[in-house]
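Next up is a structure, given as structure tokens.
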Amino acid sequence: MLENQKKDVGLYGFTGCNGDQLTIIHSEDKLLDFWQSVHIKSFSLAKSDNDDSDLDIALVEGSISNQEQAEHMKEIRKRSKKLIAIGNCACYGGVQAMELGSKGWDQRFRKVYGDAFFELRTPIESKPIDVFVDVDFYIPGCPINADQFFYCFAHLIQDHVPTIPDHPVCAECRWRENDCLLLKGILCLGPLTASGCNAVCPSHNLPCLGCWGPVEEANVSSEFNLLKEKGLTQEEIKRRFRMHNGSGIIKPLKKILGVL
Amino acid sequence: MREILVEPLARVEGEGGITIRTEGKKVKEVRFDILEGTRLIEALVVGKTPEEDVSITCRICAICTLSHRYAALRGLEKALGIQVPPKVQWMRSLMHLGECLESHSLHAYILALPDFFGYPSVIPMLDQYNEEVTGALTLKKFANRVMEVTSGRMIHGENPTVGGFGRYPDREVLQQLKQEAKELLPFAEKGVKLFADLDIPSFFEQETVFMCCEPDEKEYGLVGDYIRISTGEVVPVEQYQKLTNERFVSHSAAKHCLYKKRPYTVGALARMNNLGDRLKGKAGMLFKKYWNERWLRNPVFNNLAQAIEIVWGLEQIPMVVDHIIKIKEDPEIVKPTQRKGDGVGAVEAPRGTLYHHYQIKEGLVADANFVIPTGQNLEDCEKYMRNAVEKLLTEAVDDDAIRLQCEIIVRAYDPCISCSTHLVTIECEDE
Amino acid sequence: MRAVKLRKQDLPAFLKCVQSFGELWGPVREKDRQVLKKTDDVNQIDLTTIRTSLPFKKLLFPPRFSMFHFSGNKYTTSLEHLPNRIIFGLHPCDIHALLIMDDFFTRSFDDPYYTERRKKTAIIGFSCIPDEKCFCHATKTDTVEEGFDLFLTDLDDFFLIWVGSSLGDDMTRECPKIIDEGILPEDLKKYVEWRKYRNSQFKMDIDLTSMPEIFDLSYDSVIWEEEGEKCLSCGACTIVCPTCPCYHVYDKIEMGKIEGERMRQWDSCLFKEYSMVAEGHNFRESRAERLKLRFTHKLQAFVGEYGKPACVGCGRCIETCPVDIDIATIVRRLRGEEVKV
Amino acid sequence: MTGLTALKNAYLPESMRLIRRYPLIEGVHFFQVRAVDMTRALSLDYLPGQFMMVSIPGIGEAPFSISSTPSRPGLLEFGIRRVGRVTNAIFQLKENQIIGVRGPYGNGFPVEKIKGNDLIIVMGGLGAIPLRSLLLYALDNRDQFGNIYLLHGAKTPSEMLFREEFLNFRYRDDLTCLLTVDQDDTGKWPCYTGLVTRLFQQLTDIIPQKTYVAVCGPPVMYKFVVAELLKLNIPKHQILMTLERRMKCGVGKCGHCIIGGYIYTCVDGPIFTYWDVIHMKGLI
């Protein structure tokens, strides 16, 4: 690609584990291509000569958990043509948003930090970035899958909209010929969860925990009924549904249960 | 008043900054700010099953994901009365070594090294230091592979679970790892020399205290149920609160730790200072060759300590793999023997001792407390920066020089900011 | 058809011998699952498997593969490095499914990705005793006359081998020492007895007569809505089905280049996106409609076209669906029989 | 790569050059392409109503009806509406660039059957694209067809596809050209206003058994047009309609265009008769 056609790209991390940026850094085979196919204007996890110039594409990891981040997020949006949410935290709020929609954030805050006063930051309940700004594309996962990320990235930098299949983890799980855990009465969230991870957990005989967030057409009520039939309690099922699904599960759960 | 800010601090994991305020030639304030948002994980794990807990707490940090998982597993299994069989223990050692190698090679070569050669990142170093950089990337890739094979994927692998593993890797894959570890050793040894040859300034040096896990086998290692302190004491991990004494400081979302009112250091340097003379093989030789008294006073030697630990890790892996392969039968996941209990687990995360403390009631987490390495290092880190700034002020240098020196110190500690926001139970114990 | 005999203890030797024709794939048991796997060690092959979790189709059109490489406007494909393979252990139902796939992928247009692989695949069928999920007697796919190179019937102390093709013939001649040409009258008797026994072993009772008419009359039945409520759209039933060939196509590109692969990946008519067209219009918006499509395809439309259903009675979807939507439940419900909902 | 396998793999697009492109109406452009290989360009044969798969490397493929007529070999014409990924990329192409095309696919109009009969062509919206091919084909082979009627409806004059071309047809004496718009926003529209169904009043001396009708337009149009045609007693199997479905292969393998269980729109269609539609559930 010609130097002047290269897109200006920035990577930003808000609240989270940095796992998505690290997934990029961990992709030794792709890293150089990644670096050279665009102008990386900002990527503070990996380099120190960062600037706040206008961007073609901003990749944002992490959820928003204080007011300063919210402002920063809006500022990034203003100078970016496209904004891409990467990772479960940015897309749905991440594990820190598992209680989103129910009360009690203040108590939880006090449990951890007491009556501490934060001089530099004003904490708020952690939320996905689309609560604050418009998002053009979502690449989910906790963490993102490197292949899927680079697949999307390659398209995005050529102004294409990538397509990521909206089928559940079960599809990939079946391709890998795993024994279905749900059939054994294990609380597997495969049917509700967007695929892309290659069904890594079921392939290790462990249930899917839903870390990619809900698949678009998740049939939450059917899975809920099925699990109850298998002898799991409403509390157990609800807790698991909410663990990694952040903002994505609130609506369907409310629909089934009336309240959260 | 002169104010020097570094924000955001680049090439560290998480969102942090440095604030320096001076008045004439006097230092008013030197702070390492933790700006990362709050996540309240300690509160969120309450009411979860142990399996759910490990899946949540590992997400505190992507670099030390397996250390968090391991510390949590150790704490939870104590509380649940679970004794895991040897194959599980060896598998955990292997995954932990993978993480240690991955983190060290990332930190030492990719995040810290550019400072010493005057580059903004590792990529432009490719021209001049191609061998070093590509070698480091190969090493990192190998370490990632170890984590992937053992834990299921590079980051947040769910395979290590309470009571064992969901699945065990194939023998051929393990053999392959063993082979690769051997092949990487020469590069790692050369790397030690690279860091040993760096010119490390001494003007901010000062004695401090070092802590690390005391491995059960009395060898060099990364886990143990006791803590060794450089003052000579050995304390059971259950007394971790006495050791760490967290207190809250308003400029950071992390809590600082003090031991007997003294700041202390954890991490590779602490392990080397406390346990280095137990090292055998190539790592032992290198330690003997390069260790000197300055290691006790200067945190920047941490990079060199990490480089030696990489050699040690590569020497360990073939041995650990052999142990795993020897046990043919894959053990079933061990079930809890009790639904109520208390347990503290400690492991050496790449950047130092990590504690997870759990109370379990009716099979669910009733209370959780984590103490994170970076929090323990904060106080020392600020101390050394202050020393450096004081000295530099007398030489009337510009802001950038001060900034760079402080960054070198902070980065030497390999701070992990995502982790460090996770501290709990405030016992505001201001001296 | 030529038939020969093989003593039971000689099977490993025979399989070793036929390996000279290509990679040997056969059913292998791994914990609770049965998988079609490439095996160098013939002793791993498990003759007691009923149905492998994925059928042979994974070898003839893999779940995901590159159709061709493109670089700018240059397209290149390479299909000649495909290995020769022998699939051992296909039961009659799977062989019928294979015949359906053979026909499908050459119907009006040759799909080279299938046909090239198929050309290099030899089939050694193997007899079976049905379990409680098999219903190939209802779909009339319980015996085979074609579609295999060799077919082995297990008659206690020996295998009766039907030779179905010239390649199969070559295989038997590769190891003449262990192949016995002399079929005796008592062998024939044994075979007849065995057939009788096998026929008596079907446990699943499912009536597929008049299905096309029943479907016609049930087009607006509430059954579709009710089952649609339960369906998880996980696609598992179509993935495991040996007669489901649908796929999705997408392009993968390299960073910063117009170079990449056109990929083909299994799709499912139960996924929402399957029938979506421009401006978000979806011809099969509801799960009910999608389920209806799947079953209409298997049991009605295909019958109209070929005089037999596209379901071969392998029982995979019965084993697989977490919410029990399968051929058996649907057929029973449509016939008005009692089914636990 | 052995030549044989490469040739046989009809999934590989052929290179074609974009000769000309210009807007037809807002959001719909006209694209004229020709096979790079000239012998191929001249030998490429197809039926009106067939479609091609157009490929943009890196983005994907999409089916488009051929709008030109096989009676004028050499150039292929398409009318393409910009709706999504592939069409966006097609709109970025410049004249002289190379694109990938494969086909033709689909059953096409049964022109041999229509020959010798009268032909009514009813088009609305994008339906004009495939029907233009049939219309031009019939006009080029004028002596083989009976009376030809063109009924074309658009919302406004500016939204009528091939407006100038069809307006000129009004002056021909070998076809009845009836054009209408729902609303004339220019005040200068020289033809009818009102829905396309109103034009049926103009069709007076139809001999139903001897008439074929080809209809293509937005889904709502079919219902009303068919009602009119039934009033005229046109046999159901002589009413031809083109249907649209999701397609990923064009050759009856990927499954997406399946209708009613075993009809593949891309192979068995996209042209169906009205009898097919009522006989096989799920067609529209």
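Residue numbering begins at 1 within each chain, and the chains themselves are lettered A, B, C and D in the order written.
One rule holds for everything that comes next: contacts are C-beta pairs under 8 Å (C-beta built on N, C-alpha and C of every residue); 3 or more make two chains touch, one makes a residue touch a chain.
Please read these numbers as outputs of a predicted model, since none were measured by experiment.
Summarising the inter-chain layout, the chain whose CA centre lies farthest from the centre of chain A is D.
One inter-chain figure worth recording: chain A and chain B are separated by 25 Å, centre to centre, where each centre is the mean of the chain's CA atoms. The centroid of the Cα atoms in chain B and the matching centroid in chain C are 52 Å apart.
For this pair, chain B with chain D, the centres built from the Cα atoms lie 67 Å apart. Taking the mean of the C-alpha atoms as each chain's centre, chain A and chain C sit 37 Å apart. Residue positions 248, 250, 253, 258, 260 of chain C each touch two or more of the other chains. Residue numbers of chain A whose C-beta contacts span two or more other chains: 155, 158, 163. Annotation, chain-chain contacts: A-B, A-C, A-D, C-D (touch as defined at the top). Contact residues on chain A toward chain B in their complex (touch as defined above): 13-20, 22-23, 25-26, 28-29, 31-32, 35, 44-50, 62-66, 68-69, 94-96, 98-99, 105, 107-109, 111-114, 116-121, 123, 126, 142-143, 146, 197, 200-201, 203-206, 209, 211, 239-240, 243-244.
Residues 155, 158, 160-161, 163 of chain A touch chain D in their complex. Contact residues of chain B toward chain A in the complex are 8-15, 33, 35-44, 47-48, 52, 55-56, 59-63, 65, 102, 106, 110, 114, 120-123, 137-138, 140-141, 144, 152-159, 161, 165-167, 248, 250-251, 253, 418, 423-424, 426, 428. Residues of chain C touching chain D in their complex: 67-68, 70, 72-73, 75-80, 104-105, 107-113, 116, 219, 245-251, 253, 258, 260, 262, 267, 269, 274-279, 283, 293, 296-297, 300-302, 304-305.
Contact residues of chain A toward chain C in the complex are 1, 6, 30, 33-34, 36-38, 150-151, 153-155, 157-158, 163, 165-168, 170-171, 174-175, 177-180, 182-183, 190-192, 216-217, 219, 221-223, 225-226.
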